[in-house]
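Below are the structure tokens for one structure; questions will follow.
Labels run A, B, C, D, E, F, G and H following the written order; every chain starts at residue 1.
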Amino acid sequence: MTDDKIRKLLEHVSHGDTTVEEAYEKLKDLPFEDLSHTKIDHHRVLRKGLQEVIFGEGKSISQITDIVRAMREKDLDILVTRVSKEAGNELNVLFPSGTYNTDARCFYIKEDLSIKGKGSILIMSAGTSDIPVAEEAYIASMFFGNKTERLYDVGVAGIHRLFQHLDLIKEARVIIVVAGMEGALPSVVGGMVGIPVIGVPTSIGYGASFGGLTALLAMLNSCSTISVFNIDNGFGAAYFATLINRL
Amino acid sequence: MTDDKIRKLLEHVSHGDTTVEEAYEKLKDLPFEDLSHTKIDHHRVLRKGLQEVIFGEGKSISQITDIVRAMREKDLDILVTRVSKEAGNELNVLFPSGTYNTDARCFYIKEDLSIKGKGSILIMSAGTSDIPVAEEAYIASMFFGNKTERLYDVGVAGIHRLFQHLDLIKEARVIIVVAGMEGALPSVVGGMVGIPVIGVPTSIGYGASFGGLTALLAMLNSCSTISVFNIDNGFGAAYFATLINRL
Amino acid sequence: MTDDKIRKLLEHVSHGDTTVEEAYEKLKDLPFEDLSHTKIDHHRVLRKGLQEVIFGEGKSISQITDIVRAMREKDLDILVTRVSKEAGNELNVLFPSGTYNTDARCFYIKEDLSIKGKGSILIMSAGTSDIPVAEEAYIASMFFGNKTERLYDVGVAGIHRLFQHLDLIKEARVIIVVAGMEGALPSVVGGMVGIPVIGVPTSIGYGASFGGLTALLAMLNSCSTISVFNIDNGFGAAYFATLINRL
Amino acid sequence: MTDDKIRKLLEHVSHGDTTVEEAYEKLKDLPFEDLSHTKIDHHRVLRKGLQEVIFGEGKSISQITDIVRAMREKDLDILVTRVSKEAGNELNVLFPSGTYNTDARCFYIKEDLSIKGKGSILIMSAGTSDIPVAEEAYIASMFFGNKTERLYDVGVAGIHRLFQHLDLIKEARVIIVVAGMEGALPSVVGGMVGIPVIGVPTSIGYGASFGGLTALLAMLNSCSTISVFNIDNGFGAAYFATLINRL
Amino acid sequence: MTDDKIRKLLEHVSHGDTTVEEAYEKLKDLPFEDLSHTKIDHHRVLRKGLQEVIFGEGKSISQITDIVRAMREKDLDILVTRVSKEAGNELNVLFPSGTYNTDARCFYIKEDLSIKGKGSILIMSAGTSDIPVAEEAYIASMFFGNKTERLYDVGVAGIHRLFQHLDLIKEARVIIVVAGMEGALPSVVGGMVGIPVIGVPTSIGYGASFGGLTALLAMLNSCSTISVFNIDNGFGAAYFATLINRL
Amino acid sequence: MTDDKIRKLLEHVSHGDTTVEEAYEKLKDLPFEDLSHTKIDHHRVLRKGLQEVIFGEGKSISQITDIVRAMREKDLDILVTRVSKEAGNELNVLFPSGTYNTDARCFYIKEDLSIKGKGSILIMSAGTSDIPVAEEAYIASMFFGNKTERLYDVGVAGIHRLFQHLDLIKEARVIIVVAGMEGALPSVVGGMVGIPVIGVPTSIGYGASFGGLTALLAMLNSCSTISVFNIDNGFGAAYFATLINRL
Amino acid sequence: MTDDKIRKLLEHVSHGDTTVEEAYEKLKDLPFEDLSHTKIDHHRVLRKGLQEVIFGEGKSISQITDIVRAMREKDLDILVTRVSKEAGNELNVLFPSGTYNTDARCFYIKEDLSIKGKGSILIMSAGTSDIPVAEEAYIASMFFGNKTERLYDVGVAGIHRLFQHLDLIKEARVIIVVAGMEGALPSVVGGMVGIPVIGVPTSIGYGASFGGLTALLAMLNSCSTISVFNIDNGFGAAYFATLINRL
Amino acid sequence: MTDDKIRKLLEHVSHGDTTVEEAYEKLKDLPFEDLSHTKIDHHRVLRKGLQEVIFGEGKSISQITDIVRAMREKDLDILVTRVSKEAGNELNVLFPSGTYNTDARCFYIKEDLSIKGKGSILIMSAGTSDIPVAEEAYIASMFFGNKTERLYDVGVAGIHRLFQHLDLIKEARVIIVVAGMEGALPSVVGGMVGIPVIGVPTSIGYGASFGGLTALLAMLNSCSTISVFNIDNGFGAAYFATLINRL
């Protein structure tokens, strides 16, 4: 119930068009219904832009197809993450205006090409094996309307490669650094720049990498000050970077 | 804002004693203020009975003393858990009507001696070392007005001791079983009765007991169906048993 | 050996129909044989109602079919949990009076439709991915004769959805809250009501959710007082809620 | 060596004032000396503002005193974190213009009172026990020149308290949410707003909280999209929020 | 080189049939060659009886077949553990004198039926799901010539079943108790008898059983004094029980 | 109630000296009372010998003193484990016939010097730091009447020291091997002998030894077949070895 | 940019052939470009020899084939690790000069047969199941031009087998010891020799071996002084041993 | 028994000076006694140089003093690690020729100042808090006669500091890199040089550093190829580097 509706209701009471008891009944459920409508409107504006994102994992191809079709009927842009290759290929056929990115395992239809953030978001990856997570972040960042750059395979074992691209690093407004194994790259990048750096550990590695736990712990203990997301959560980092970039 | 107040406000609007805008302003914050007052009143009745419980850990003696004094001025019963021996002795001197239980590390003043629950709560412990946690549960259960029984040192390594007290076990309405080390007693009790059994692991043990983790995991994996609380959380189990006993 | 049988035996001894030695031999094994028959009868009444529940995991289709057929010959209601889709479909064909629920992975035949508990049990889930575990709890709760309600997809990331259903929450006698990922919903619900809240963590999540460990730990550390079951143990929570609801 | 210096050196070579070999010697060490001076200047501007922060843990009182005295001779503002009460009292006596905050365990001298960030940073805490970590974040945020607000003791077990302060929440540009035990508050806040939310787990809790690990894991698995810092790292979160607030 | 050979060599030296240097060369490698022959002969007697045991995991069907064939040519009894059903069926066809036990996943040929140990070994299992590990222990115990008894499905959730078989328990010389989930049965059995009890945790369980870790930890922390083997190591427990039974 | 008492009771019934109802009342509690008296007598014989052992940890000096005094009045031998140096010194003064062993942290009075086991128990330690746990095992083994030998500081980093004592190793009937750090010694010993080897991990080590967890895991995964006890549980191993040695 | 180029550039400036601004532009990127060319040349010489090693895991057969073909066109030797049997067979057909080692899961083409290290590297394995990791180390060591020996299946459970090969052990310059399960062999070897011993834990084992974690922890806590690599990282150990052997 | 002694014994047999039986008795214990004398002599040469190292942790001041005094009587150099400040001060007084290093917690007397290794060992530390572990490595490296350099406080958060000291890095023969928190520095250094890099994680950090576990895991998963030692094991790394440097 929006503010306008409350005012109108009170006017009806004031004018005797509504009895006190009728108004009371309508107001009784106000606290909770109202919550999403009135109080947190700034949030809703943003969520509106993001609500077309579907987490594809655990959904069947037909479930995904139904959702995409329903949204396309409203001409909404849409992003589906964690889409299997099979589902991606089928979506490509059914919705020719869309794109399936095999690395990122994302399918998206994006017709609104306007840039909404104030600067650019840079997505970095330590190794080539980390690229799928980095690409998920890249697709999501682009989908949310950010100018987005990529700088891949610049891990700390060959630190000179990193320095060859200082310009790109200096130009970003937010940096997302994706790394598996020992997860050291975000620390190095975080020590080089004075802008927010977001670390995303990946499950890349074997043995004592424990499915990304090592990279996660390393980033949480970084002597640089970086913020951290869950293992393989490229999408989350891009969402968060978008919130910063729109400030 | 209670329902009565809302009705009155609407009547004022209806009678023209309050303008629409004034009423709107008062209603604007309704959702959240109202939440605690109106909607969850059943909860409040109970919380009222429990809100005098203070978690003493991390509080100085003078902080605890101030709280107890303030509540005594309103003639409220009070329970303070996790009270050090030093603080307990000082509270005993300052508030002679209260009792400090060294094992349970609890101080309480209880003048309302009425029994509120429908049946009795039985507190069992596996070993003598588990008694402090069991006693915390016992004090809390009593404080909340439950008829409460105790059956200590009946661990599975001497299973015959357990069977010598079947009557006590059969008469309970809810059973709290406190156990450290391998945490097996709740499984055995849970297999013997048809009433809710609540397991509380303790940090008693050494080496691979990992501060109670082993007992906790054992209870969570019980082949009997028992519900589990955090390590050493005797108070929580008693609170939960109270909720059941008052149903 | 029931009490009656013991009395009869003693009478035979008293009348000289049985020698002391014969009676002694029969009594020698009394302690343990007797245990299940006499002493814990209240439990047996309940277990009787529950003993038709079969844990399907690790059993072949033909094993399950044999058990179901045997029980049907005695006209017993039956619930089989953790049944694969293949087995479920075959059971559906063989036992047309039964129902296989794909989400819950449960097959059941329930002809006794009487309500046995005193209030209603509410099953809540945080996300749509948690529904399979919630449905296992729902099917089991229903099967045990409880009035059972459902409230799904009301996780803390959209807390306003939760508040839109306060009535349902307030009407329950016991609430089971199923949640994966950060497992926060039981804490919020536990803080809103004054009745027993049971948390069931699910294995839903990825990366640092560690197969449900994160949700489990979060529930055990809840600042609300909730009791906790093993990861994905929807059945256990329903069994426990049934014990409470029948008190 | 700044760009200007390089240009001047080249001009000297061009004019014959410097020999090739002399210039070569000076340039030889350019790559690394230069790194900190020229290339990452945006960073340095910020670091300049932050380099007066001293991590006090593991340093003796006299070591801390020496550092503070040296910086005061240059009239620099200074913040020392993780300072024991003993050291804090001594610093208070030696440097009367400074302030020691017992909760935050921080000592600071701040004469530059200008506001540098664009909006306000809100520091929230779930429980009263989490306040030390929240205060560390508060002191640091203030020290870095941010308008900073506080909202403490609004944990999810009494969710209505949170909603009573929606205005404060809506007005922030960045929110830091500090929580121990089950670490659920950041998820709830993250679901309510459309701005960056930073979670800081605390080591508050006992038993299966494992020194903050549970809260940390919960935040990493949040179904809201929040970024996470190390356990008890209030300072790091404030530093990161400052970077965002200055964008 | 056996003692006899050393003596003979010395005699050859003494008689001048062998030069000092020749003898020295032969003795040079004595320390290590000798180790297995002379010094630890008691062990060898036993190992001789056990050396025909093959760990089948990771070996191809043809590798296993080759080993079995080679040993059969020497008329040796043989036990192969961890054999897949496919391999087992093939072995059954190729070696009709052998037996493949599907539950235990063991194939064995045993023609020496003499009993070698002094008493009987009792194998107990808590649940029906633990039977494969129990059967591995059973087959191995039998294969090593022990009188072996079985008592399955006597877990602590129905403790009365355990007591119905006290005779069997009292007659054993060594007891192996196999249990998954909370692993409580060995504690109960260990508290009932005055003979060595060996606990074998199984990987049976789900969620917080962590592949048998919970049962393992529970057994290690038993308040009864039991010795523990690795998860699912039924063979190891039987080997160890055999060592005891032959004393 | 012993067997004799049951027979007498039946005779009284047979002779009419006791009514059926009176006998029934006496028999009603038979199952559980009887359990400890009749059924598990073999156990009791052993327990009798062991029941004078007191776990001293967590008990005050006066509590320990009271127990020792009470037992001495019955002329019972007694062993108290985990006794602090302070308590040990006081016990030495109060009970001059007793001995306090500082390394083992055990106090014992032993007047019955008869040897009860059939062979000797050998206690080995890997390093000098493991001696306290080894000594606890040694004292307990001796106290239970076993011929007991010691072989300390023969860890795998200097494997030749181990081989210099093969005679001692070959003569034992049971071997207890105590080792911290990497816990490798039991594997080596287990591979050398054909008798039961019991591994006791110690909490000796630092860093990734995790308080003995590494040694514990190493022993559980031994390629030799050894049985394992909890970290630092020298007493348990000695108790178990005693059970074997008395067979 | 090499030193010579910098000197030449300065000479051009000195002679007026290059303007200051042109020179400045060329020097601007010096720090980072230079890094890889000038400063760490010793490293590059070695990396040159090793850069043909491809980590095959996660790469498709056609990706691997493309890389191998490209390198063969430059006549470079090549090693691909972690190659599936399918890919290996295909590579064997396409590149007949190469070899696929099934155990090691490595494919390599090696035409430069010169020996580059100063001594020999010995690869030891504890069990036959550890051979795949040992063979990866063996192939890599050979590929890098080291004289390489093998000594397999000499685990601590049969320590005499180890001593039968002391000559081989004494002749090595570096020893790599590969072991799963309890990971004890490197400790024993490390105690026997005065040269660098490198431990490689393997994921071989079951239950509480936790995928190699136990072996890893054991090696890290070795009372001998050995250096440790990640679980199953045979290649890394060989690379590291090569660095030592070339010193 | 050395080779010479064996030869002599055989000659005595050959000459009839010793009977076969006498010689046999002497040879019987040969395998194990011989082990330390003959077979592993290269090792002994080194161990001789190292055997004066005492691990001080857990030893009383008087125990340490006794050992030092005994060794000084033989004029042996000596190093005691993990010495408390109190013990260190006392040793300084008693042995004026020795030095106690407070940071390293080491006491040593070193009169043999000859350099034994072929190159220099460089000890690096990431932060100032890691210096105690680095200093332990430094003292040990020096004590073993290596030319040893130090480069402290060059962690990855300020990567430019590292590059300012490339010369030092390039000149080393072996590098030990000590780092806590995220443990990233060894990866960066390992990627820069072509010589053996040894990583030593430290227990420095808080929260999710878990006492050095994070740094340890990071180093084990390094994308550079480095070898790793236990947490805080500066001495072990220095010993290992010495073995390499003496090759």
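The rule is simple: contacts are C-beta pairs under 8 Å (C-beta built on N, C-alpha and C of every residue); 3 or more make two chains touch, one makes a residue touch a chain.
Every value quoted in this text rests on a predicted model; they were computed, and no experiment measured them.
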Taking each chain's centre as the mean of its C-alpha atoms, give the chain farthest from chain G. B
Count the residue numbers both chain B and chain D use at their shared interface, divide by all numbers used there, and answer same if that is over half, different if under half. different
Please identify the chain with the largest separation between its CA centroid and the CA centroid of chain D. E
So what's the Cα centroid distance for chain C and chain E, whole Å? 39
Taking the mean of the C-alpha atoms as each chain's centre, how many Å separate chain D from chain F? 55
Taking the mean of the C-alpha atoms as each chain's centre, how many Å separate chain B from chain E? 50
If you look at chain C, which of its residues touch at least two other chains? 31-32, 35, 39-40, 158-159, 163, 166, 192, 207-209, 213, 216, 220-221, 230
Inter-chain touches occur between A-B, A-C, A-D, A-G, A-H, B-C, B-D, B-E, B-F, C-D, C-E, C-F, D-G, D-H, E-F, E-G, E-H, F-G, F-H, G-H
Mind pulling up the chain F residues that touch chain C in the complex? 3, 6-7, 10-11, 13-14, 16, 19-21, 23-24, 27-28, 30-32, 34-35, 39
Across the complex, what residues on chain D touch chain B? 129, 158-164, 166, 206-209
Give the list of chain A residues in touch with chain C in this complex. 29, 31-33, 35-36, 40, 57-58, 201, 203, 211-213, 216, 230-233
Which residues of chain F touch chain E in their complex? 35, 39-40, 42-47, 118-119, 166, 170, 173, 192-196, 198, 216, 220-221, 225-230, 236-237, 239-240, 243-244, 247
In the complex, the residues of chain E that touch chain B are 126-127, 155-159, 181-184, 187-188, 190-192, 205, 207-210, 213-215, 217-224
